[in-house]
Amino acid sequence: MKSRKRFITDKIYQSLITLISLIGLVILIAVFVFVFNKGSSLLSWDLLTGDYYSTVYDGYYDSELTTNLFVAPDDLDSDTYFSTRWGIALKDDLDREGHDYILIVYVDTESPLANLPDKNNEGEMVYMASGQSLDKIIFSDNTIMLSSKGAEAAISQFESATGIKDIMFTTAGKGIRGSLITTMYLIILTLIVALPIGILTAIYLHEFAPKNNKLVNILRRMVEMLTGVPSIIFGLLGAAVFIPIVSTVTGTEGGNLISGSLTLAVIILPVIISSTEETLKTIPDEYRQASLALGATKSQTTFKVILKSSAPGILSAVLLSIGRIIGESAALIYAIGTSIKDEIIVTERSTSLAVHIWSVMSGETPNFELASAISIIILLVVFVMNLSVKMIVKKISY
Amino acid sequence: MTYRTQFDSELDNLKLNLIKMSDLVIRNIHDALHSFLEMNTELAERIIKDDQLVNDFEYAIEKECMRIILREQPVAKDLRLITAVLKMITDLERIGDHAADISKLTVFMEKTSKPLKAKYTPLMVDVCEEMIRLALDSFVNRDTRMAHEVIEKDDLVDEYFIEIKNQVASAIRETRIDADYAIYLMMVAKYIERIGDHAVNLAEWVIFSITGEHE
Amino acid sequence: MTYRTQFDSELDNLKLNLIKMSDLVIRNIHDALHSFLEMNTELAERIIKDDQLVNDFEYAIEKECMRIILREQPVAKDLRLITAVLKMITDLERIGDHAADISKLTVFMEKTSKPLKAKYTPLMVDVCEEMIRLALDSFVNRDTRMAHEVIEKDDLVDEYFIEIKNQVASAIRETRIDADYAIYLMMVAKYIERIGDHAVNLAEWVIFSITGEHE
Amino acid sequence: MKFPIFKIWDVKKKNRFFDKLTYTGLLIPTILSASFVVLIILFITERGVAPFLPSQYGDLSVNFLRFMTGTTWYISPNIYGIFFIVINTLYVVFLSALLAVPVSVFTALFIAKMTPKPISGFFQTVVELLAAIPSIVFGVFGLGVITDVVKKIATVFGMQTAGGISALSTVLVLAIMIMPTVTLLSITAIKAVNRDMENNSLALGATKIQTLFKVTLVSAKSGIFAGIILGIGRALGEATAVSMVAGNAGTGPDFNIFNTTRTLTSTMLLGLKETTGLDYDIRFSVGVVLIIVIIVTNLLLNAAKKRIGKFS
Amino acid sequence: MENAFTINQLNLKYGEKKALDQITMDIPKNQITALIGPSGCGKSTLLRTLNRMNDLIDNVRIDGDIRYEEQDIFAKEYDVINLRTKVGMVFQKPNPFPMSIFDNIAYGPRCQGIKDRKVLQEIVERSLINAALYDEVKDRLKESAKELSGGQQQRLCIARAIAMEPDVILMDEPTSALDPIATAKIEDLILELKKKYTIVIVTHNMQQAARISDNTAFLLMGELIEYDKTDIIFSNPKETKTEEYITGRFG
Amino acid sequence: MENAFTINQLNLKYGEKKALDQITMDIPKNQITALIGPSGCGKSTLLRTLNRMNDLIDNVRIDGDIRYEEQDIFAKEYDVINLRTKVGMVFQKPNPFPMSIFDNIAYGPRCQGIKDRKVLQEIVERSLINAALYDEVKDRLKESAKELSGGQQQRLCIARAIAMEPDVILMDEPTSALDPIATAKIEDLILELKKKYTIVIVTHNMQQAARISDNTAFLLMGELIEYDKTDIIFSNPKETKTEEYITGRFG
Amino acid sequence: GTEDTTTATTSSFDQTSLIKVYTRDTTSGTREAFFKGIGFSDAVEDNALLVSGYIEVDGNGSMISSVEGDEYGIGYISLSSLEDSGLTGLSFEGVEATEANVLNDTYNLKRPFMYMTRSDWTGMETEEAIVEAFVAYMSTVDGKATIANNSGILETSTSDQLWDDIKDNYDVCSLNNENVTIRFGGSTSVEKIAKALSAEFSAKCGNFIADHNHTGSGDAYKRVQGSESDGANYLHIGFASRSFSTETEVGADGTYGQMCWDAVVVVVNADNNVITNITAEQVKKIYAGEITTWSQLA
């Protein structure tokens, strides 16, 4: 009898746990779904590898316009407008940051626009092609076409125009390659700085430091306190300490990859120190004793045996750190800046993916989609890191 | 506080069985002598039968000793004690054998003529009984003094034996005695003398079990 | 693959010592008889002295057994083997004692008159020697068949003893014999008969060590 | 059969020297690591104290007492109050922990003990990934999804929220944000529980659930609590996501979960990029307070952890 | 002699790996039965099968049957929880729960729904007395069980099992983590417990098996090689493999 | 008989706790000396003092002296690292480094600066042969040492110590984590090693001490109660305390 | 954001509900323009004057998403974001927020977008020349077109010159400037316009590198001529979405000017069917807490 009652309460509890944890998981998965839902449409190879800054082509057309009319290709969508005189098709679209622009859908090979003299470099040519955006035209009669007026208006202006004093069209842009590379640089540079310091500190604290020594305890406390410092405050540290230092050394100015990495290094230091110490703790004392008993010196013991054994733990620390580096925004806003760059130079400003998200979200019109798309990329990076570290750990742990 | 309570109780049990065995053996030699002196064949036959009991005792104790060695991995005094017991039961069994041997002679002897009262044999047996008892006491009380006493007493037994031998020899010379009987009597005396020797062995084992030294 | 190589070599060593001891004992009883028959007191005295060697052997082997028990925690056949050895040395020692006893008689007897050749005694001794040898062989070869042969052979020894006893008795009756000598001879025969018994014991222990069964 | 004698004297000297070098060499990174916290504290207290110093701001200097006891964030030109923000912060973080902890612990139990390996492996990876999601994504999620949900909840209760922007949304965002952390640490703690101990419970005739609650959780509580401490730390220090859904109420304290609220971090972040002078420096004062709050909370929680871990 | 368990043609596989192979044996009541054999031979597996602790491992397949008090413990409707209250278990490493001594012992009864403080108090005291631990801990029942010494912890685990008033106690190398003195105490205790309980014990220590058990089963690679009275196993085993193992010449 | 160590009036304190109290004893060369005694009596402490492994523990204070090959090992100018190469050590749990079998054994020599692959190869092989492990592992020297069985690991640790060409090998309960078969192998090995090395072994297993050692020292609460030939200690110890301990009646 | 989901479910707008007031933080240029525009200048820097329960958001974007999520909310945003926002922009004082109305001064809620260049160009002569050209470009037909194209509100006049006409005055633009970096920054509201301008002007002026780091209006003066003008984050040209403070942000003569106008629009949720027009008085009362429910406005 009794055990039957117990059986039932048991089942109830079991369902309860399952339910509650499922709710938890559902919420967590909802974040995923939300991010993927919002961001997947924007996700493309182009986004990953594309320049952020569009190249501006500045051309003009002062020849006679031939009188033959162009024929629109058959496969144009209904919201696309075609100029028979100039042989181009335009369409209104939103760019990756959610702004209106005019997308060049089609340029006839015979079109005069397909082959324009460069306005700023004599003898050079610029070429209009589909996929570019049309920004601004000053026609010969000084009428101006603006992209903000829309494709339809633009086409009608084209139809009445004879020559072009100044036409500006651009490549797509808004790609995140620069931020992606910056992020990779940040990861590498940060780890290069933080790993040795962190690991050596952990080794000192755990292996070499005299136990119950007041000074050591204070040092340890101070390292632990770093863990609790919110990242925004690290940003201030970066801005106030690292940027000036790096500027002085490299002779450049403003936030840069190095100052950003240094700041991140400080942020992940406690992570690395504590994870490393944690692994060091799990390494049986027997290893140390065995090594010392073999006549090895303490440093030989530490570097040949202990460090080797703690490799899996240190790798996990690296994973944690990479996650943190990828995700950090608040601190980086100050320590590296928000300038999105295509050419990444370590002594110059640039921005990481997370800050890129932040810029996107804190702009005048927040763009959930792009933010989500970048988030997906971050997730993928983390995912790959996660799996590979797991695999490496499996492989190297004896 | 002590542990190994099972072990200790097993050892106690062992000692107890040893004492029981020795009691049985003492009774047997005592009775054997009387059966001989009084030509009590009934008694003699009982003793011959009882020897099996002694053998059973030996067998049981021996088995128990092996069991203890097997189970308890005795060392030091425990191991000495068990070794001593293992040895002592051999001696006791041999003493028992001798009692049976005497009784067997009694059964034979009945057929021969009137016996010569060999006045020293009861004295010898008394000393032997005393020796066995002492040896066992010294074992239980872990008292080497008593054991040494036993060893000393053997001289007395030997003296009595010489006495008897001389008596018998002169009896033969004076043909006062039946030859078979003479031989029998001589053998009884020799058996008793051997019992004394075994009692000495017992005492030596006791000493070994206590001190770890062989005398 | 087997482990416990030390243990195994210790056991081998133990067997070897046992064989050495038995060889010594066999030699002693053989010589003792001859000393008795030939009234060779010199030889007799050497045997009496040699008995100490036998005792030393017993002591050493016994110590070794205890050491092995202590060190190796033997069980099953190992433990049986060691127990058997422990017991066998007692019997061997006793056999040795008897050889010495016979030799002592020889020393005594020299003072008495010409001996009666007891033709059965050498036969008895031969059988006994054979028995001891067989017992040891069966031990080393772990062969119970031989051990059983030993036990059977004891009957022969007993028959010889009766024979001798009857001879001596009639000699006494016919006063053909010095009384002391008669007694001595009788005792020698008894000793040899006992040696047979001990050889049977040996065989029994051998069987136990092999099968774990007591006969 | 001995080996050739080692020729070791020169090597020995080298080893000895290297050993000495290591001892001192390792102290340098350690001191470096430790010095950052000093740098930070020096730096932000220097700036954080400035608003209270007449020497810096003259007549405009902030009254420290009012700062610490104030129930309105800002009254022009120089009256700042942070008391209610501290209370609100703790309130919000407390509620989020209250929400996240059971869910996390149950989820951890579920993952570590109640599902077969492949499924639990999958879920664990999901949780691990979530733990690595930048907090701003949670803010985006909060603004896109949670505020909607909260708005509807409020309607059910006949309350009106600012489009879902409220303490509750903040609580939920924080709860969701710290859940992966607490869950992961709980999983670790639960997995570390001696299997024998659980088997023992089962062998005593306890059911699986009884075992999980009475033994597994009890044994893992120290580790779980460490996770909670970490989670609370994260919640206290979180800025971006919180400032997106908190509403940044100007006065308080306010314990109505459907009203807007304000946390220390959202205060620091709000308009930080465009502000100057006193209004800029006062955020450092808030930072100092934040650090103190975090340190004190940590101390208290760690003390609690010690007491909780008494039997383990 | 009555049997607590009757094991018949028991086979057990972990996945594809056969861990028990056609085990047939009876475990008599109120005796101590020892399971010995080299590492990995299936001792623990057999032991755990007796109270169905193997249920907790994925991938286990069992056929054959085990009867406990005449009932088939693998039957569908058989109440496992109840079996486990009747068949207690003590593990290799002492593993008290992270609670007070009192709560440790009251744990089982509480799980059964006993709430009355006085009843619990009584159970705890009785169990501690029976586990020969009472005198050592009576003044600190409220303190953490983790503070006890290894040997005390193991006796606590035994007390905890006793508190359920089981009929059988299974022990898996209960002294292998203890020093000789603590081991001696536990052995004394086990011998004492035998008066009331059926005990099945797995041990690597052959002397221990010899010392405390009435019957000994020798397992090798999942097979029951020999099962007999302990004295016979250790003095005169029938099987050469058994002899080789117990004399330390296995290989 | 020559002595490897001469210990004189050795006292050792951990903080305020006295762990060794006026120990005076000689450890003869090329013999096996066993240290026995109840848990916490100071066996490991004494052992560790012999190669100054106690240096690694804070708060240790030592007085009295130990002479190794006539030299005071506590002397200021004494070369500890060198001492440790001469006095090898094997621990309770087999603890191969997480490297290949080869690298494990080559570790010590490498630390001494030996780099020549051929020399190392030779050292490794010879050490493995001497540790009776060569045949079992010769085909997989490159594999992880962690994949060996417990007993093999422990022999590897012995081989590792041997590779340093020590004169003395200290062993702290080297078989307590092993099963009986592995233990038997290690014991055989130890007896073999005795021919070349002085061995000091701490053991909880009194039979082991009896089995393999030439001399046995019994320690109690930091004091050396009795030190004698092993046979004497185990058959006829002088001190009641020793007797009580070895017969398992200590308490 | 979450555009199309809410209309069906919340069509029943409850007029008795409280008005939820949204405001930007005190450092925002938009906020300044708004409060000044509605005659509530005291509230520019002082939250205490606002109705209790107001919600402070830290960006145009947050404002949009907040009001979008709250049927009963009211807030203010830049006109340029209104079209995409999905919110209802209210007429102010009866005047609709259109470019035309801003330019003809009938719509009063507006603010200037300002720029300021460095005064101290020591060691950056090329940069100075480029910035000078850039400033000139802003008032060419080309530049104005781009500003307008990016929601900047400005008047064009026929006297405006084409860049082609004046570019010869700026020799620097005929050089290759690929190695020259010009640092732009300041207001985030102006960022979009500034980026568009710099991108096309770079093409016209030797492909100099435009480095944008927009952190807020407050940084415009600070990093160009103020306290951080020699710091790490100094700028060559900064923008503000408000007038420079006449007290704290006094730039050297000729280094600053207006680029264009921006309008601030009072916005309510699309579901709000109560009002389409609002007066300065009403807004002020709403923000001061004197009007608290929508029914009071109906």
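Each chain carries a letter (A, B, C, D, E, F and G) given by its place in the written order, and its residues are counted from 1.
Everything below uses one rule, namely that contacts are C-beta pairs under 8 Å (C-beta built on N, C-alpha and C of every residue); 3 or more make two chains touch, one makes a residue touch a chain.
The structure displayed is predicted, hence computed values, not measured ones.
Enquirer: Minimal path length between chain A and chain C through chains that touch?
Expert: 2
Enquirer: Which one of the chains is farthest from chain F, going by Cα centres?
Expert: Here the answer is chain G, farthest from chain F.
Enquirer: Based on mean C-alpha positions, I'd like to know which chain lies farthest from chain C.
Expert: So the farthest one, by centre of C-alpha atoms, is G.
Enquirer: Max contacts between which two chains?
Expert: So the pair of chains linked by the most contacts is A-D.
Enquirer: Which integer distance in Å separates the CA centroid of chain D from that of chain F?
Expert: Here chain D and chain F have centroids separated by 49 Å.
Enquirer: Counting only Cα atoms for the centres, state how far chain A is from chain F in Å.
Expert: 58
Enquirer: What whole-Å value do you get for the distance between chain C and chain G if each is reduced to the mean of its CA atoms?
Expert: Whole-Å distance between the two chain centres: 125.
Enquirer: Could you put a whole-Å number on the gap between the CA centroids of chain C and chain E?
Expert: 52
Enquirer: Where does chain C touch two or more other chains at once, residue-wise?
Expert: 3-4, 66, 70, 73-75, 79-80
Enquirer: Multi-chain contacts in chain D: which residues touch at least two other chains?
Expert: Residues 15-16, 144, 207, 210, 269, 273 of chain D each touch two or more of the other chains.
Enquirer: Which residues of chain E are in contact with two or more other chains?
Expert: 81-82, 111-112, 181, 184, 206-207, 210, 234-235, 248, 250-251
Enquirer: Which chain C residues qualify as touching chain B in the complex?
Expert: 59, 62, 66, 69-70, 73-75, 79-80, 83, 86-87, 90, 165, 168-170, 172-173, 175, 179-180, 182-183, 186-187, 190, 214
Enquirer: Could you pull out which chain F residues touch chain B in their complex?
Expert: Going by the criterion above, the answer is residues 206-207, 210, 234-237, 243, 246-251.
Enquirer: Which stretch or stretches of chain F touch chain E in the complex?
Expert: 38-39, 179-181, 184, 204, 206, 248, 250-251
Enquirer: In the complex, go through chain B and note every residue touching chain E.
Expert: Those residues of chain B that touch chain E are 3-6, 66-67, 70-73.
Enquirer: For a test of understanding, state which residues of chain F touch chain A in their complex under the given definition.
Expert: Checking each residue of chain F against chain A gives 51, 53, 56, 58, 81-82, 84-85, 88-89, 91-93, 95, 97-99, 107-108, 110-112, 144-146, 157, 160-161, 164, 170.
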